[in-house]
Amino acid sequence: MNENVKVTAEKIRKLEVQGARNVAIAAVQAIQTQIEQTKARTKNAFIEELQEAQTLLFATRETEPLMRNAIRYLVSHAQNNQIYEINALKEAVILSAGQFLVNLEASIELTAEIGAKRIEDGAVVFTHCHSSTVTRLLAKAKAAGKEFAVICTETRPAFQGRITAKELVGLGIETTFIVDSAARVFIEDSDIVIVGADAITAEGNVVNKIGTSGLSVLAHEARKPFYVVSELLKFDPETLTGKCEKIEQRNPAEVWSEPPRGLTVRNPAFDVTPNRNIHGIVCEEGIIAPQSIVQVMRSRYSWVF
Amino acid sequence: MNENVKVTAEKIRKLEVQGARNVAIAAVQAIQTQIEQTKARTKNAFIEELQEAQTLLFATRETEPLMRNAIRYLVSHAQNNQIYEINALKEAVILSAGQFLVNLEASIELTAEIGAKRIEDGAVVFTHCHSSTVTRLLAKAKAAGKEFAVICTETRPAFQGRITAKELVGLGIETTFIVDSAARVFIEDSDIVIVGADAITAEGNVVNKIGTSGLSVLAHEARKPFYVVSELLKFDPETLTGKCEKIEQRNPAEVWSEPPRGLTVRNPAFDVTPNRNIHGIVCEEGIIAPQSIVQVMRSRYSWVF
Amino acid sequence: MNENVKVTAEKIRKLEVQGARNVAIAAVQAIQTQIEQTKARTKNAFIEELQEAQTLLFATRETEPLMRNAIRYLVSHAQNNQIYEINALKEAVILSAGQFLVNLEASIELTAEIGAKRIEDGAVVFTHCHSSTVTRLLAKAKAAGKEFAVICTETRPAFQGRITAKELVGLGIETTFIVDSAARVFIEDSDIVIVGADAITAEGNVVNKIGTSGLSVLAHEARKPFYVVSELLKFDPETLTGKCEKIEQRNPAEVWSEPPRGLTVRNPAFDVTPNRNIHGIVCEEGIIAPQSIVQVMRSRYSWVF
Amino acid sequence: MNENVKVTAEKIRKLEVQGARNVAIAAVQAIQTQIEQTKARTKNAFIEELQEAQTLLFATRETEPLMRNAIRYLVSHAQNNQIYEINALKEAVILSAGQFLVNLEASIELTAEIGAKRIEDGAVVFTHCHSSTVTRLLAKAKAAGKEFAVICTETRPAFQGRITAKELVGLGIETTFIVDSAARVFIEDSDIVIVGADAITAEGNVVNKIGTSGLSVLAHEARKPFYVVSELLKFDPETLTGKCEKIEQRNPAEVWSEPPRGLTVRNPAFDVTPNRNIHGIVCEEGIIAPQSIVQVMRSRYSWVF
Amino acid sequence: MNENVKVTAEKIRKLEVQGARNVAIAAVQAIQTQIEQTKARTKNAFIEELQEAQTLLFATRETEPLMRNAIRYLVSHAQNNQIYEINALKEAVILSAGQFLVNLEASIELTAEIGAKRIEDGAVVFTHCHSSTVTRLLAKAKAAGKEFAVICTETRPAFQGRITAKELVGLGIETTFIVDSAARVFIEDSDIVIVGADAITAEGNVVNKIGTSGLSVLAHEARKPFYVVSELLKFDPETLTGKCEKIEQRNPAEVWSEPPRGLTVRNPAFDVTPNRNIHGIVCEEGIIAPQSIVQVMRSRYSWVF
Amino acid sequence: MNENVKVTAEKIRKLEVQGARNVAIAAVQAIQTQIEQTKARTKNAFIEELQEAQTLLFATRETEPLMRNAIRYLVSHAQNNQIYEINALKEAVILSAGQFLVNLEASIELTAEIGAKRIEDGAVVFTHCHSSTVTRLLAKAKAAGKEFAVICTETRPAFQGRITAKELVGLGIETTFIVDSAARVFIEDSDIVIVGADAITAEGNVVNKIGTSGLSVLAHEARKPFYVVSELLKFDPETLTGKCEKIEQRNPAEVWSEPPRGLTVRNPAFDVTPNRNIHGIVCEEGIIAPQSIVQVMRSRYSWVF
């Protein structure tokens, strides 16, 4: 096993690399390095090495569809192309890895652009946690000359909302910052809710930072449209064949570093927002109904299945 | 103006005394002291002094119905009784103040007892923030030999949920502790939601710690009964004649001590839970429908109006 | 039968007198005149005359609880007082009629005052149809120095919303005028819905101008508080004993003066808003939950039953 | 202990006497007999005997508020009246027992009369299980010349709906009979739902035959008004002080006489309909909001508490 | 620029041509004329002319997806075919324009046929505004021998409901006509709601005459299925890439010709019905779930994107 | 007409063959026999015979999409293949019939496997009626070592729930058995609802045993995910073109064998669960949103349309 892949896998496991996109990029780059350094002399051996890396990287997290889809892409590309000569093969796969990263970046850019059109002048946007795609979307809306304000939650336990707040203030966007449980009070003043995603299931449900599903319920109660912004490759194909998206349970000490003895502290990282509360998923294909996610994937990324 | 009353008012204003009950007790005791030290020689002068104290103490907080009702009680008792001799009057009003505190304590005890019967063996109770009445209720249920578990939220920004968690663990109750925004995930595992109250309006809406109203929406979504535990004197009679219950805006630094320049941090202390989400108010009169609060008050505490 | 009573009854029947309050005043005044002109020489004969007038006036409309309650008051006052001498009796009942009108006016004034406190600075109020009490409430809020805006519907078929719009513009209130079916679009921009009432049932349901109940559904969907402003005497005691509030069917020509032959045009004047959609009834007793209406009536206007 | 009381208690325990009203009547009559046969020579001894009978009869069922209220009435009447001479006392209490039964009958009659007015000509009424008060209500509506139809469920496991169906057909009412789970299909064709009650709680929730609460949910989904018809004495005052209404678990063999070994068969007799689904309780006081039940009880049957 | 195109564009801008279908037909015919009269001598020049016409016609209205899709079809057909000889090209494009209109007509016919099957014998249909496709659908159901009734709203401000009423009465269909705000009262008597559409968004939301979205909320409240009848080409592909469907603001004088000075009259022509309230879209592809609109479009009209 | 086909059709009509799968198998086997015994000498004659069998078998039931789709498959296979020689054709079609049955079996197996993954350890599953696919799903979950419990309803009138209960007990699964109307009480204790299907419409609505749609409403009220398990061929393509799925009305004697004279007993076999209450359809394509059913069918079973 390539040393670099091992190190990267370890970093991902220990949460030293975080965020769906960063994890995917790290994994792809690790595989690029492995390919560069491979001693495999046959296509079979080469593929086997890739599959070993896949197994190792898949095992780092219970759920990381973007990383998994990225690796699936590389492996299937290596398997399915017609090149057998090992150096040409290496080059081809490294190229495809680079292309994957470029396309991913382009998808995010396009997604942000499409979503930015939904921000109307004078609007108040409600968001939760931190999503680089959401920030990019808001930056584009701002750059397009729209005046709007954002309300963002602090997002306990890890306070990712503070990152969002800093970025938005840095962009010159009027921003209000609140504790998570003030959502019902402030959502009334907003016009639209926009959040990111960690994974999308076959039913069109969205796995995202803890608190998102409750927010979707409050948005519905207050008749506010609730949009999820996400590149399509966050779709998890294994949910189609029955897998329940596992929710990562993080370190209780993030919540309370010195709890009284005997207390159980629970710290799930994510929750699941049901499709009926989602007005649309903004992605590189446009704004789609969550219930159509499988069909959209099939027509655009059929190699995922 | 009596010095002790001034000092007490200042402490209340500066939040050095906190919690509806503690504030009410402090105000009553300050008035007791004022009466003991009064130099008034006529009933009129005596009443005037009381009214000055009332004005000062009312001004300390936008909303503290329990304290206000306590003071209303003392002033109306002084005005309406038939004693005119100043020493007898002093004695009578001090006695009534003592009686008020005894009755308040008895009301809380009775409320806890009634509510404790609603905890069924094997139940999982969901609670938010810290309420000494709720803790007492749970302690009574435990003392009655019932086995049950509690899920409690940390309650940002001031982490009052940690007080609750410590008390419950101290009582030997199996307790799970979560961040506020995990409520939708964990409420599914509970059987009943029980929270305290800071104020009750004429419509039967309940003002309580920020996050309570959102929790009531999630409880409704998951078909969990939602009970408010509160002595009746938290009812605010001014809401009957149109007052909007003002929500205290606390120091933003509680939320984020060093926010980026330009960011607006908002820190409302309370929110309002609509009566349609409340299955019952547990009080010293028993378990009542929130919509009947005014009638119940009229028949038991008519002097409040 | 007194001629004046007959004429008044005829005017009420022909809708020449309109509006719950105007109808009640006309009926009371007609009875005052009848009493002044009575030739009755015994209390019995006097009461009989009153009852004849009652029968005649009750028959003019299917539902006019305010008028009916006014007449009930006069008749019961005549029956229950201890005066038997006919001139003294006349004087007493005429006096009580005057007192009734004064009290009614005071109730409306107080109701408007209480409700005006619910208008917060900067608020947008949504209203439907025309209610003089609602206009008075808004005028009081304006006079109290609050800045707010109003959205009002035209209220087909009789365009009573135009009266409201003119009054509000006259008061210097920023007003937006829309067709009835635009309610769902504009309610999103409002903060509170305030409407009047024609009748209140024992369950706490409210009979008001056609369109009110649909508006209450839209207010609920958009999480906007929905308040009914009404003097308590619009309560219809007959609903307590089972009567279904009859809905007046008005002239189809109000809707379409020359419809194609064969078309059925239906023109119900009112609809029924269910209590679950009403956040509170603003009345002379304060802001009450609709579900408590019978108890409130019993404690204040027991002669109604 | 009087033998007749023992026998009656046994019959009630063994379900040989069934139906809230029949149970109450049997208990009152047993106490009448006990009084007639008493050997007590002092008021104290007499009261003690009554209290023993009370204890025995209360123990027969977990929940029978009508019977319990009836016995409470007799005991409180014996305790509180001013008669000490034993024969006069006997006579007085027997008389009050008779009067209780007469009043109960009158209450039911009045309730049926009030409810009958809610049946409009041409209406379709949906009902569940068998309630003699509901049948009486429908009979009165029929007798008043109204044409209407009824849909009734069979009400598994004991098929009480068949009794209802026979009674209605016997009254010449057009009746449709369905299995319980067809309720959602047929409720769409109905205009109003009317059911009886076994007990009413302090919150205004209604305990009635299993299936009633589900029906209330379906009625709400289809916007059909849902009325409960019940004499007020079915209110259980112990719920006010916290008691959870216990649901009787009946013999599993009623559901399946020879189930496969290892299968758990559950047969709860009742369920609890939440007050938010109940449009009104039709009772001898008229049509009241369920949320006002405690106040209505206090003003009419204060001895219950 | 062709004069005829200019004139047509002007007529469309001034609302002299109205109705999505009429506008589309006028635009196509104007382009046909332009092609006939073109002086272009190269394919490039020919295409450029078409694009100028496109720009002009697109600018007439903020949203007219059917017209826009029609023009897109013609332009893309001209661009993509393999003909370069100018006369042959003219002929081909004129032919394709004719074919487009024939297909559109066939789509509407098929849509009406499919929808007509949903009208069951004895049904009551609720509709709003005027849609020629809905009328055709009802005519087909009638022609198929079904007996049914229709309730239609007047549809302020322009009273298009009167057109519908006249057409239906002309077809011998039993029709009831009401003001818009009576919808909640009369929807209870209906079995199905059927409306047309002006535009369909990527999420499956439907833009239609003001009042439609409120009606969909009332239909949901009363558990009535709500169907939209629309040829698929009303889908607006620009919504997929983020465009917010702009709502046309029409002349306030349509609402009130002489409003008081200072009053703001607002007259939006359309509103947006959310997909969760739509049971199905009846179109030439059959009855589809609104959430699948993009996929259906892709498989049938891929040139739209 | 082949005798065997006639006999089979008769058996299906008389409900001697029951269950969507059994009916489909019987029909396919009858057609296999017909082909074996055919005397047709030309492809045309052969096809005509098949179409006669189709007509006869389609007429046996109002709705049996699985059987109809099976027959459609055979007929379209016969029509579209390139074989004209009659013996080769016979062989080919018999083979395809066999293949159809094998594939159907495989689909069910795969469906059960996918669904089994959704059963989490410790879960409580709620089900209604009897579905062999659901039983197979639960058996697979059990075989996978998961511990879980099932609550099943008796399913009046035919008590199919007893078959389910016996099968589950036989599999060693902890099972609780209740009457249908106890669903609201017991659904609270469950984690997931899983039912079968008889037919699926173009909107994604599901036709299943009477009671299923009410159960879906109760599941929604209690926030329980509701899954339908069904092979895709239960989709009815005729609903796409407007057909209303007809609900079979079965023998009233199943409900009550000796009802009183004059009583109407109604016994619909199925009801329709709206797509908004269905979290997913578990099928051989995976877990799909019901709203995507038509697109999924088009891509997998295009011959159905």
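The first chain written gets the first letter, and so on, giving A, B, C, D, E and F; residue counts start at 1 in each chain.
The working rule: a residue touches a chain if its C-beta (ideal position, glycine included) is under 8 Å from a C-beta of that chain, and two chains touch if they have at least 3 such contacts.
What you see is a predicted model; the values in this text were computed from it and never measured.
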| item | value |
| --- | --- |
| Chain D and chain B - chains in contact with each | C, F |
| Interface copy of A-E among B-D, B-F or D-E, judged by whether over half of the contact pairs recur | B-D |
| Self-contact between copies chain C and chain E, residue sets same or different by half | same |
| Where chain E and chain F are represented by their mean Cα positions, the distance between them in whole Å | 38 |
| Whole-Å separation of chain centres (CA-atom averages), chain B against chain E | 58 |
| Distance between chain centroids, defined by C-alpha means - chain A, chain B (Å) | 43 |
| Sites on chain F at which at least two other chains make contact | 221, 276, 289-292, 295 |
| Each pair of chains that touches, named by its two labels | A-B, A-C, A-E, A-F, B-C, B-D, B-F, C-D, C-E, D-E, D-F, E-F |
| Partner chain C, residues of chain B touching it in the complex | 201-204, 239-244, 274-276, 289-295, 298 |
| Contacting residues of chain B [partner chain F, same complex] | 188, 221-223 |
| In the complex with chain A, residue positions of chain B that touch it | 153-157, 162, 165-166, 169-170, 174-186, 210-211, 213-215, 217-218, 221, 255-256, 259-268, 271 |
| Parts of chain C lying in touch with chain B, wherever the complex brings them together | 113-118, 120, 276, 279-280, 282, 285-292, 295-296, 299 |
